[in-house]
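Okay, so subunit A shows up in both of these, paired with subunit B first and subunit C after.
After this line comes the complex of A and B, so read on.
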């Protein structure tokens, strides 16, 4: 196939099913904008290290077949919304029907609600920098709107599970929009899993708008699928004194890309971004984060750890942007990387862009291997070499894994990590 | 600190002290660039055939190249046809045979700049090559250097007298295809400095080049080539100034350093081109490509730069660490004020085993300026045991300036270790309070704090330059407290 040169020709999806008119209009308008949006190449700065993994084929330009109520996502206890092959399955989903928290499929929104939503979609992300969020806006077929009224608190974490079960090529464009009202609270867990065998593209976008005092925790697990190219974006805007906490755990794949953009627009806002990435084999994972301090007196704290084994490739690009009026900002970014083998590649770029003078900003980045002396210490005390490797590697990320506030998620992550250790440190 | 604002604003008026123009008769090419201009340039320089071909090849390639736009800079597009590519002081005869033949007006210019070209053997002890607009006008201390076997001359002379060395190394580190400005330089470079230090020789004195742009509407394109043969050592300094003019002038230089086995090169720059006035009018556009190839085992290259001038600085002195155990160092202080923009940093490319590099970068932005550190640290798959340490700190003075950091770190070898850290802060109220409490005025206090901030870099400079750099910083910072 001849490689497509712009995003608009890359994907000709059928019109979305049963979406309200305002959302269809938005899709159409965004679709027209794609004409000027070239597919990223090595020369595209924010895709410099990752464009070579992007392999889009004609076969992917169709929707995945609908599958109904299947897959392993069903086993998750608690509140959950299940998307299978990009489409929400209401009968597999369980969530409370509360009058102060609205959880609704895009297709079920009234025209008035839909037109309000259409105006707010894409407002949290800079689609010039995150081209694929623009693609999602033009192609989304199904989506979920979550609205928390002022002071509403969801008592349990809500799981949103995106599973690919199809044994066919295709693409899915799920979309989530969370509108957290004044002083509301929610913990949202997004989990991306796959059991399909054919090449699939998942292009997801999740947006959060936090009103004054809102408190949102987002856990994002990109778990797998050896054939799934996953390009995801998360956009966040924060008003006064709101707090956003994010825990992103990613396991590699043929192409994994996550753009996370946080804009702190109100004074006293606070955000904390944690990330763990583990890649092996010939896998790839690319995290791009942007934290914008627009208002004064905001705090941000970012910690990302990457581990790359075998011939895999992990990329981190973190940017802190302090606007001119954002005096008294505190920003800290820390990225540490562990390269387990020569042949693997780690690229990192911690950026600071600062236009205000009364700020405290620091970033640090390191790349290295397991410390020989620590290994020796453990081995000299009778721990076998493999075990010592596992201990030290786990110690490298445990600080972040332990911070994940939902126990069920920590367990899932630990099981996957154990599988990774088994493969990465085979020989004793 | 509202009270200090006023006192300070009165002090702000201190002007660029090297802004005078020397009235001197010059030969200047008509503005514009084409193959004829290059041929004429080459003919004036009496260059051998290979040089002309080399230039033309570079020129043809340059025509296909795009001006880079990735840097964090904003400026009006440069019209390359409005620039004159050659300007030289008129000479009565061929070349001046000694300093006595040099136009006295020129000598006075350099005296004014504080660079006595007349050999003051007892005092100076620094050999100087002075480049005025497009040509090298004088080189001092030639004889004692020749006695040690060191070749120190203008690159035009080197092309004529040592063609085999020039042919072997010119463009070997920075090929004409490297980037837009290096391509332009390869086509039209008019002069520069050539240094060759033979095997096992420790160059007996500091070598230095002083660059001066004088003529209007000209670009300065000099090229420096330094080769340190096995086991040799050389320390080289460069300094630059230009008159105050309302138009922007282009300076696109290329510096190539080659270090063979066990050789060591120390390259220091104090760049003080005219930075433009307080409204951002005028100033030099400084687009420079500097790169060192550490080819040999145990070779070492150290770049030290103090950048206080230029309206725009685009400069990334780099080291390609190919030889085993080779070492690269980069120490930089970049100060921007008013509307100056600097996008500067380094590249450390580790290819050989056990190579190591250190990067210390201090950016200070004041006024409405923008100051960027942009760096690359790369470990190739064969860079076993390679190490890098990077520290880039920014200091902001005033709330209308910007300080940015864009470090690229790429590692392909598991035994390589890289550490990068960066901080951004301002001159703290506590520091100022402590100084003022002790009767130090705000100007001096800031100057002291900034000097302390830059100390790590200044201590790398040769003594004469360290003094100059400290003073430069004081002058440039004046009026920026607030």
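After this line comes the complex of A and C, so read on.
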């Protein structure tokens, strides 16, 4: 059967109506725009390496049910908001009721707040490049709005657990919007997990707007199952002297796509984007990042590492766009890739567009294998070959894992990495 | 302890070792000298099990067991230790973690309990003092950014931690200043024991003032062309390799090198 060339109309029908009117209206409008939305193919530049992994069926179009779910029992060292299939589960959530920080599900927003939010949704992303953000906007059933008043500081990390329960085929559309006021601070951990075995789509969007001096750290863990196709996007806009730090750790799946777009619109803004991806078996993972230096005197630093084992496939596309007025920009992008088997594939592409003349911009991308000489050195000391492989593979990402600022997340990541090593270096 | 019979080995189809014969008994120290490119490191690497080199014929036994049949890590656990001529830098793996993993692999092999981080730290600090390496080096990546001499001391530190049966030291003395040479020699002398054999590759007879060998061998073009006692090293120092009839390119290279080094 020839794959469909446009998004099936089955995807154009949101299920629940439990949202304030302005958000329902927005959803409807975005849905209308999706009629005949072309699905990416090999010829779609930004999906070139990944379109073949995208397998949407009409069964997957229906929103996954949320009734009867009690939510993740995951213990977290901080505050926690649990979403099941894109809908918040208040009973499973624990977060403070503060007068300077609003943490509220979309369903509970007043019409006035919802109307303001509707104005701002999708504004941090270039929706022409991030086609599937529009699908989320047409389909979200709920979402989380976080608003930090000026100078507000959330004293502990806020974990947002997005669980998808794949007991039947279907989709979920998690949505988060963070409005970080002047000089406010927050650490937000997004954890994407799944249960159940049926083929499902998770289509998520997270947006951050950072006002002057705001300081936001976002940790994103993509840990869904082998039945989950996940297409996610993160959009960020930064005003003067704000700082955005992101740590994306992703484990592969049948389709994993993350678009991360950061626009530095105010002078003196700073962003640091770290990413670690590991894939094995026949898994896939595709990171597309864009950093827009719109204003002058901004710094960006991006470090991504991919590790691909077996016959898996990882993709990194990093674009830096330095606008004409963005003098004295400082941009640093580094992508290193490790192939653990000859059957694995990694595609990496740095893209620089520089329109200002007084900038410092460095980029580098490498693809390599574990170093035989290092391996020999380790085993010549009696170290088990498997252990030596693990040490060298960890060495490749150690620095990035160590930089994740929440210990519990580092532990979670290490546990998943150990599982990865168990599989990847079985008989070595 | 170590018995090498008619060992031939090649790399990328080119024969480097062309029939090596060597017997080393427990408690002995043997020195191997010879021009650049004669195959000294190749012999060391082959003994340690580097499969970049292909053994085409010959036998090697360690305490009667066929060494060549074993993979590198097994050889190491049974007591083969190679101090590399050029120790590799491994950023991202801390020296401490590396050494503890190695020591525990050995202990595991001997059926001894593993050392925990604190126990190992204590031991590592003591041994690092013995080779005059600041304990700060334990925290760095393996050999990462170490100077030539620091790398060599780090190799000896590992030998002291792992207590091998057969220690092969490939030019562990080169690139050392006078004080470091003394420190490294003291380390090697501390390794000397009844039940241990040491094979050291060196270009300098000076080392042999500190570590007095029982035998000296000259390796040239893949063969041992002369063996003798300690005095052979002195003779080589005086007369070079020419009198032994070694007249190949490698000799010319090596004399050019030692001239420029002097």
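FYI, the second predicted complex is superposed on the first by the 406 of 428 C-alpha atoms of A that agree within 3 Å, B and C clash if a C-alpha of one lies under 4 Å from a C-alpha of the other, contacts with A are read in each partner's own complex, and residues count from 1 in each chain.
Assume a contact is a pair of C-beta atoms (placed from the backbone, for glycine too) under 8 Å apart; a residue touches a chain by one contact, two chains touch by 3 or more.
Everything numeric here is computed off the predicted structure, so don't read it as measured data.
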{"item": "Which superposed partner A:28 touches (first subunit B, second subunit C, both, neither)", "value": "neither"}
{"item": "Which of subunit B and subunit C A:128 touches, first, second, both or neither", "value": "neither"}
{"item": "Partner chain in contact with A:399 - subunit B first, subunit C second, else both or neither", "value": "second"}
{"item": "Subunit B versus subunit C as contact partner of A:55, first or second or both or neither", "value": "neither"}
{"item": "First, second, both or neither for A:42, with subunit B first and subunit C second", "value": "neither"}
{"item": "First, second, both or neither for A:382, with subunit B first and subunit C second", "value": "second"}
{"item": "Subunit B and subunit C contact sites that coincide on subunit A, given as residue numbers", "value": "none"}
{"item": "Interface residues, subunit A side, partner subunit B - complex", "value": "45, 324, 327, 337, 339-369"}
{"item": "Residue ranges of subunit B in contact with subunit A within the complex", "value": "70, 379, 381, 394, 396-426"}
{"item": "Touching residues on subunit C, where the partner in the complex is subunit A", "value": "48-50, 52, 71-73, 76-77, 81-82, 84, 87-88, 90-93, 97-98, 101-102, 105-106, 109, 141-142, 158, 162"}
{"item": "Residue numbers on subunit A that touch subunit C, as the complex places them", "value": "371-374, 376-385, 387, 391-392, 394-396, 398-399"}
